[in-house]
Structure formats: C-alpha cells, structure tokens
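The first chain written gets the first letter, and so on, giving A, B, C and D; residue counts start at 1 in each chain.
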Amino acid sequence: MRFFCDNAAAVHPRVLDALGRANTLDTAYDGDRWSQSLDAAFSALFETAVAVLWVPTGTAANCLALGALCPPWGGVICHRDAHIQNDEAGAPEFYTGGAKLMLAEGPGAKLTPDGIAAVAGAIVDDVHRVQPAAVSLTNATEYGLSYRAEEVATIGALCKAHGWGLHMDGARFANAVAFTGVHPADLTWRAGVDALSFGFVKNGGMSAEALVFFDPALAAQARRRRKRAGLLLSKGRYLAAQLLAMLEEDLWLDLGRAANARATTLAAAAGQRLVHPVEANELFLRATPAESAALRTQGFDFYDWAPGEIRLVTAWDSNEAVVAQLADAIARL
Amino acid sequence: MRFFCDNAAAVHPRVLDALGRANTLDTAYDGDRWSQSLDAAFSALFETAVAVLWVPTGTAANCLALGALCPPWGGVICHRDAHIQNDEAGAPEFYTGGAKLMLAEGPGAKLTPDGIAAVAGAIVDDVHRVQPAAVSLTNATEYGLSYRAEEVATIGALCKAHGWGLHMDGARFANAVAFTGVHPADLTWRAGVDALSFGFVKNGGMSAEALVFFDPALAAQARRRRKRAGLLLSKGRYLAAQLLAMLEEDLWLDLGRAANARATTLAAAAGQRLVHPVEANELFLRATPAESAALRTQGFDFYDWAPGEIRLVTAWDSNEAVVAQLADAIARL
Amino acid sequence: MRFFCDNAAAVHPRVLDALGRANTLDTAYDGDRWSQSLDAAFSALFETAVAVLWVPTGTAANCLALGALCPPWGGVICHRDAHIQNDEAGAPEFYTGGAKLMLAEGPGAKLTPDGIAAVAGAIVDDVHRVQPAAVSLTNATEYGLSYRAEEVATIGALCKAHGWGLHMDGARFANAVAFTGVHPADLTWRAGVDALSFGFVKNGGMSAEALVFFDPALAAQARRRRKRAGLLLSKGRYLAAQLLAMLEEDLWLDLGRAANARATTLAAAAGQRLVHPVEANELFLRATPAESAALRTQGFDFYDWAPGEIRLVTAWDSNEAVVAQLADAIARL
Amino acid sequence: MRFFCDNAAAVHPRVLDALGRANTLDTAYDGDRWSQSLDAAFSALFETAVAVLWVPTGTAANCLALGALCPPWGGVICHRDAHIQNDEAGAPEFYTGGAKLMLAEGPGAKLTPDGIAAVAGAIVDDVHRVQPAAVSLTNATEYGLSYRAEEVATIGALCKAHGWGLHMDGARFANAVAFTGVHPADLTWRAGVDALSFGFVKNGGMSAEALVFFDPALAAQARRRRKRAGLLLSKGRYLAAQLLAMLEEDLWLDLGRAANARATTLAAAAGQRLVHPVEANELFLRATPAESAALRTQGFDFYDWAPGEIRLVTAWDSNEAVVAQLADAIARL
C-alpha cells in the first residue's frame, strides 16, 4: 500500500496499449508519424502553436528548457526547495554549461514576486556577479500547492520586464490544472511561460515527458541538444505514442483529477495535521514517530519528510478502498 | 520494405510482453527488482562480476562510458568513421566536459594497432597537447565488420601499456558475437575492454541499452552522471525488464544471428558489388544511380551511402520472403 | 585618497624591478629559471614539499584548485558571502564543469564546523543529490576576519573525516598571517589545507598569484588545466619573478603587516562603529548617508557596502599621513 | 642564440617603460584610464568602431572569440595544423562548452575555400551531426604564410553565405600585415572577419594580447566570459598600457617588420632548403641530422619540426649580427 511517491505508479492500460499499436516499422528518431503529430496535438490543447519534444525524464525536460533559456554564465532563479536544485544531481548545471541556481524563499515552495525580487535585487549588475537570466517555478510545487493563473502571470510579467525566460516544471502539471480548473493555456503561455515540462510519467505514463516550447524558435536548438545529450531514442514512436494516448479524450486530466480526489479524501481525514494546503496529490502531515510507526504497521508506506513530518502521495491508480482505509487510519491516530 | 536501418525495427514480442509483466507498482528509479537483478544476470553472461546500468540510448551508453574513462582535458582515439564522431551530435564532448576525439584510419572503420599508434605517436607529451586517455572501438563496425577476439586483445594490450581505458561501442554487439561465434567475455573483458555499450534496441528492444562496466568501481561515478544527465527514468523497471527478456534463453543472440543470416543471403546475391566483407547485418554495395532507382522502384528502401554506393541493413524482423525478393532483385541488376 | 579596495594598489618597486631583471631571453611558459625555482622557494617557506603554479588572477587560482578537488557532479561548501560565490562570475562552475556551491552560514563570513555540518547534514546520500566533495574557506575572510590555526585545523579534520578536499582562498593570506602571527604552515597544510590560493596582487604584486598544492600529485592535472584555460602565459618568467621578489626577505609579510597596521589605526578611530573585528586590512563601519557624504567631501573614496554601512580597505601603500587624516575624520564624525 | 620561437623574446623597452608609468593607483579591472581608451585606440587603427578586451594569452583571446562565435553544439572549421587544434590543450573545447574542431586541409597551414568546402560538404544537415558554426584561420599561418586580403575576403564571403562566424588567430598578425603591406582593416573586417586575436606578446609585449571584436555586440558576452574564466586581472592597467605602448607610432608594425626582415635574410641563405615560402618570421628548412647538429654546434637553437626538417623563428630582438652569422652558417651547410 504505497503512498511513497507517484513516480513509480503503474502505467495506464491505454498507454500500454498504445505501445503495442506502435509496434510496427516506421521512421527512426522523431521522424515517425506519432512524433510528427505531437506539435499539432499539443498546439490544439494549448490553443496556440507550440513545438514539442518528447524526452524520457522530467529532469531532461527541465534541463533542456533551462539550457534554452539561460546561458552558461547566467543564473536561474528558483525556489530553495525546487526539484531542479535538490533532486536532479546537478543536471541544470550540466545542461546549461555551469549556470548558477539562485535560491528564493516562499511558503510551500512557491515563488513569489517578492521572493524573486529579494534574490535579484541583491545582485549588482556588473561582470563579477552572475546575472539572472531565467526563472523556474514548479507547478504543482514540491509541497503540493498549485499556482493560480494570476500568480503565474504576475511572475511572467516580472520576467518580461527583466528580459528573463520563464520555465515551468510541470511534473505534476495535470494535478495543478485539475485543482485550479483553469485552461492549460491560462496557466502557461498566456501567463508568460516560455517552456513547460509537461509531466506524464507520474500520471500514468511509462517513459515519456513532453517539453513544450511556446516559442517554437527555441525548439530548434533544443532538438540539437536533445540528441547531444543522448536523449533521442531511435524508436521515438514508443514515446510519442504514450503522449498521444494521454492527450486522447483528456486522459491526462482525468488521471490528475483521480489522484487529486484521493488526496482530498486523505486531507479531510488529516485535518489539523496538514502542514500545507492540499492543492494537488501530495500531503504533508505532522506525525509523531509513534504515529508514523502505527501507520506503517497497518501496511502503509510513505516518506519521512522531516522530523515529525511525513509525506503521502496519491496516484491515478491509488486503490480507493486502500485510500479509505488510510484515511480511516489517519483519522484514528 | 525497409532496409534503411535496423534502428527502427519492431520490438520483439517477448520484450513487449515483459513490459506488461512489469506493469505493477515497485520501487522507483533502479531500486526495483528487475533493475536490481541486472548485475547478476550480466555477470552470469560475462562470467565475471560486472556492474550494469540501463540507459535509454546507445549514445548515452557510449558517452557515460567515455566520461568514466577520459577526463575533460584528455582525448579518445576512435576511428574517423566512428558513430561517436559522426552521429552523436557532440555528445562525447558534452559528457566528457570537452575531451577531444582523435581520429584514426583503418579499413572498414576498424581500428588497428598501427592506426592507433599513428595518432598517438604524433602527439608530443607536453601540456600544450591534449593527451590520449582512452580508445573507443565499434563492434561490429560502422561498415559491418566484426573484430576477432585477438584483434580486440591486441588493442587491449596497447591500451594497457599506455594506461588508456578501452571502450567498446556494441550497438551491434549481438551481430559481432553471432558472426565470430566466440564467447562475449572473449570479445570484451578478457581482451582488455573496460566498458561495453551493449546494444539491444537495434536488435529488437524498445528503449533500453546496457552499459556494462567490467571494473565495477567505474560504475559508481557513472550512476551519478546518469542521473545528472537526465537519464535515470523513474520507472526503470520497464527498461530493466527489456534487458532481462533479451538475456533470457539468449534471445539477443538468436536475434543477432537472424539478422546476420538475412545479410548473408543478400551478400551472396551481391557478390562483387560488396565494398566490405559482410560480417554482421550491414551491406555496402556498389550501385549506379540507375541500379539504385531500379531497386527503389521495386519497393526497397535503403540509404544512399556515397556516390555509387548504397547501404542495406537487415534486422531481426526482416521478412525472409522480402529478403529473398531483394536478393533476387540485386542479383538481376 | 582611495580606500575603495586593495586590488588596484600600486606595484611594489621591488616587484617592478624584478620585471626589469627578468627582461632577457629564456625558455617559454614555465620552463624558465624563475618559474623552475618556485617549487623550491615555496617549499622552503612552507617547510614541506609543495608544487606551485603561477596564475594571473586569484579567480584562476581558486578555480583551478576547486577543479582539482571537486568533480563536475560534486559540491563545494563555502560561505554564503564567499568571493567564489559572489564575485567570480560563475568561474567555479566553469572550471569544475558544473559543480554546485553549497552555501553555509557563519559570522563575519567565517565557516564554522556547525555551519558546514548544517549544510552537509541536510544532504541525503543518494544519486539525486549533489554530494559535497570539498570545502573552500577564505582567509582573511570577506569581512576581514582571520582564521586561527585551530579553527582551520578543526575544519580540516572535518574534511578529512568526510573525504572532502580543503581549499583556502588566500587573496589576503598575507594579512591573515600577519594578524595571527603564526607560521604559514600552521595555517595551511598542518591544519589540513590541500590547496592554497596565495594572493600577492592585492599585496603589491602586479599580475601573479601562486596556486600552492600541498599534495604535489594534484598539481599535474592542474598544470594541464591551466594551459587549457588559456592561463599559461608564454613569458611566464615575468610572473614567477614577481612571486620570487615577494618571497625574498619576506617582503609579502612586511607588506601585509603594513596594510594591517593602517587598518588598525583606522579601527581605533572607528570604535563602536565597527561591524566586525578588524583582523586584517578591511574595515566595515556603520555610517549614515550624511556621514558617508562628509567623508567623501574630504576626498576619501570607499565602498558603500550596505545601507548604513561602508567598507574601507587599506593597502601596503596607503599613505600614512592620509590614513591619519582619515582616522581623524572618522573620529570627528 | 635562440631561434627556437618568438614566444619568449624580450619585452620591448617602450612596453616596459609603460608599465612603470602605469604604476599609480587607478580603478581596478578594466575601469582604469588605460583600459578605457583601448576601444578608441584600436578603432582608430582599424578605421571602424571596434570593442577590445585585453587578455593575458593568445589562447585566451582565441577561445573567447570562438566562444562568442560557436555554440557548444557547433563546430569550428580550422586547419589540421592550427594552433587551436594542436597547441591549446583543448582550450577551444573548454571555452565553447564542447564544440568540435573540424579539420581542413590546405598547403602551408592555409585554409582555402576548397578545403573548407570539403569539410562542410561532408556534413549532412541533421541533428545527428555537429554543424559548422564558425571558421578560424591563423594569419600568419603556423608555417609562416600570410593571407592576402583577397584570400581572407573569399573565405569571409563563404562564411557569410553559410551564416558562420569568422575568427582570425593573429598571434603573428603584425608579421602578416608587415609582409602583405595592406591596411589592417583590409585583412580583417573589410574581408569579413568578426573577431581578431591580435597578438603582441610574440612581438615584444609581456603579458597582454588584444581580442578585437568588429561587431561590438559580441563583446558584452565576452566580457562576462573573460571574468568567468579568471582572465580579468584586477590591475588591468598594466595590460592595457602594454597594448597602448605597442600602438603608439605603430611600434607593433615596426617590430613585425624587423622580425620579418631577419627572416628574409635567413631565407635568402636557405634557398632551396625552404619547405614553405617565407612570408612572416618563420622558416622551415630541410636539414639532415648532421646539418642540424652542425648548426647547433655553432650555438644556434631551434626546433626539430619533423624528420629532416627544422624550424627557425626570428623575433623583433633577434640580433642582426647573430642573424648574419646564422645565415652564413646555413649557406655553408
């Protein structure tokens, strides 16, 4: 009964089926008909012309985006708790050629205009200091908060004013869209986002994420970098097919809603234990060691986030009966 | 009727089935039971303790290996026609942090001790010159030749004498083993190879190659670099399962033999047209533009390698009847 | 009447004379007799066998050292206010190939075992997190504090226990030695320092700093990197001659003492205005905008460090009469 | 009696004097009045608005230029015998972030349109191949040949047609200008050169080269990279002063002519021994081992370039009587 993370959830049957249907000879790399239809499919979803690259991991999507938005001698403002800072083993530095991550504060791992300004304002504009070139925010955040469209737009305006690029790490973009209920376009390009790492793997995919460039001109360089990074699989159709299966009839959004609903069930049980509002599929609960042990004894697996704090993550395939059991167990603590 | 390349062939049913069987919750990244059993499975195959990393592409395997064997300020001796030089978009330079590829000559894209010595001998040992640190050979070569175990061993001894690492790009390792009929160990670590990119994708896999370190100490660093390069998929079990399916009952070797057999059929028909001996699953034929056109008119697809020269590649799934048709068509030219 | 920084002070006449004496034909790069005698001269000073490279800047010295101590996928723990973090334009990232600086807290820009432990302790040891590989401290610090030998030794022991390298940015090493009165060996290798950026330019040199490796084995790689970074001047004798002139009769130490003495004079006048103890040649004073303006009106130039805080730096050539005037002006504020 | 290389020649007295005159307090880095006057001084020389950065080595100048003209995933076409390929320890790869040098053939280390086209023509324009982004030529070449203005212009036109940048490594630019007798502008920007490494060190300077950008927009990025590479000396006035002293009354050109004149004297004596025409200050002579030994016995020092071939280099300060002796000795061989 795993609530450890959504990153190892099962693959949705429709995604798996798509692999079987793609199992026929076609052109290599991204020349096949599945890959070639990605731009159109995502452009339809986002209601604007986008360029889309499949990549096998979210780290790859994030770092190709950062490489497109920040030169080696620049900086990327992100939250102190951002995945790109803490969980990607230095991949941003590798892909950008040594750019510096500049760490901002903000509640719930959310960037705020003030937090960004505090970082940027402390940097004298001379050749001795690395200058910010981009901002990266995570939506939903590492603490399960979802940005409102207006929040993104405010940051987008700040970026535009400074000439910075804006990247969104959307490993849990589906959860954020599901929670806020707004159109994907409003959370992204209409709010000033230049590049989106649109996550599918945590949401029922197997091995394909979508790197979406709202300025298609950025994609040409990223295509070269994708190859140069060893990320251009020769049988790309098996990645593209996953993404297309996810877009079909908005499966991605249904799955995001399903995961969120399970988290909401748990949140109701957790009540005052919640450290952060539950706006996606992650819960952070206050729990004593004895309480944690009690839950584990009942067979629930989760992450010890910090002393006295545990993290639970639901997924599209979290069994509803098990979720109900867990909610009950939490309520009884 | 595609003989363009083996890199987009279909996925073998046993590999596809393995994906379905892996579609259950397990630990993320390479903590799952499939990934955890790779070292043992490959150690059994190679009859020595090896450390194995799954990666999604051959370029990734090659360049993680080169990064482990060559510092940023070093050089990698390879053939002028090597895949790492011509077809990886600068990935070796990216992964090594700027090492220099040093191009050797040799017939059929094969490295020879003399070719290596000609490169290395021209390099004065001072701080102004990049010094060789590693050798990389491709087996089977880019022209479809297979190294004999003794040939590898001679190069291995040369490397050892100079303190260089030895990497084998085995995108078509199965074909080389099938052709030479020797034990995989004899073609690799017993001949001085430190790291092998063991290719499966061209041979019926979907999205997983094996990077094999014969010195397991090299693997620790490579595991960090794999993550840092965005290559550590969170659902690694779907990659590991492909590799394990391939190893089971030596499926990989059967598939390599199948592809080779089809190439042999074509080679017999090609006769004097052959530019290189056929020792794997690639054929390079002399063909006038009219002859090429004639083949294309009959529905055969292939690569125009050079003026007056075409390349045909067979795969595990090349239809035997079609191969017979093509052989016939070639013979009739 | 410049107290802005010591980094643009005049060159000491003995250094300038040394350039004239070196103005004769000799071997290029570091093959000349001046360069060839550096190891011996610095080994005598440090009472142990060291390997020394001249470089034209302190940033180059720092970053070659960091490159020798930290792999691209590693981290360097340094103070939040360290020069390598704030004033080198990303050079550490460039030279290391993308290592991450990990920022520790500590009063007066001084690293403490607790500050280091707070950084390191928050890092889970898995492949997702960049792991610390080295520590870099600045002596004297960016706020003009000097480490005691015991303080360095405690940090050195911590590094040894973790297998981390230890680098000292000694842009103002002379001032620290002068202030503490201990032997240079006690502040460095006897306390666990692996590499020292021994600064001379701020202390009366023109264009040469010494990168000192206490483990000479580290120097071989650094010599290659120095060339690769475009730092190996062909007429190296003019750099080596500067360093030798500085070592002769401990000129470097006399000049450090001279700069410190002037700072002490100013410190006495500043009294309660001092933000940090004065343990080298830098003073940080509380001063209202009106007070700053008053000093500037009298012709004194300095750095507005922060709102209500100014920085004054003395140098070996700060005119004593001018220093007395400034002391008087400060006292009268 | 050193004819080994010009890279360790003495410093011209007017350059040394300039250092003494600069030995006064001024602003650090390149804020001093010498550095600030460089743009104007070089713009006057080149009859167009240029942006100039002092750097301590020719390798630094070359590689900052390449970094400005070529992205990490691009290629630089240069001659197989170019200094950037053979004598800079991988600095181009370091500074560009891993670009690939693409080696062209051509007599006397000279690039030709045909040689360039042969390299570029073999590169398919897809994401698998590194694409050329710039051309770098050396003037005078590594074999002492000087490009005519028309030759540069032809290459410049080729670059423009392909959208490639054009860099000139002018470590011996003075010698080329002196030999061809044309205006520096005609050899550079009027012929399509984007960036020039204008060498002074081999020509009587001490530690300063000029990196000249004919498109000043390229300089802003290069200024950041210069700092990031540890090349921004704090006492930049001592570098700028060298360059200004060299420009004054065209000292650089007089010194180039002087070195060339001495080479011409030797060339006349060498006659049929010359491997290449002498168009600068380098001579390559056929000489048997016995002949080489005979010259060495007479006290002449030089470079054994290849079996049966020696290299002699004259410098601005080669003693004329010694040159006459050497000419005589060569004639008598």
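Methods note: contacts are C-beta pairs under 8 Å (C-beta built on N, C-alpha and C of every residue); 3 or more make two chains touch, one makes a residue touch a chain.
Keep in mind it's a predicted model, so treat the numbers as computed, not measured.
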*Select the chain at the greatest separation from chain D, using centres from the mean of Cα atoms.*
A
*Would you say B-C or C-D is joined by more C-beta pairs in contact?*
C-D
*Measure off the straight-line distance from the CA centroid of chain A to the CA centroid of chain C, and report it in whole Å.*
42
*What is the distance, in whole Å, between the centres of chain B and chain D, each centre taken as the mean of its C-alpha atoms?*
42
*Just curious, how far off is chain D from chain C if you go by their C-alpha centres, in Å?*
34
_Need the CA-centroid distance for the pair chain B / chain C, whole Å please._
50
*Which residues of chain A are in contact with two or more other chains?*
72-73, 88-90, 94, 97, 127-128, 224, 227-228, 232
*chain B touches which residues of chain D in the complex?*
72-73, 86-90, 93-94, 96-101, 127-130
*Touching residues (chain side chain B, partner chain A) in the complex*: 2, 5, 7-11, 16, 19-20, 23-28, 32, 55-64, 88-91, 94-95, 201-202, 206-207, 224, 227-235, 237-239, 317
_So in the complex, the part of chain A that touches chain D is made up of which residues?_
29, 71-73, 97, 127-128, 131, 221, 223-228, 232
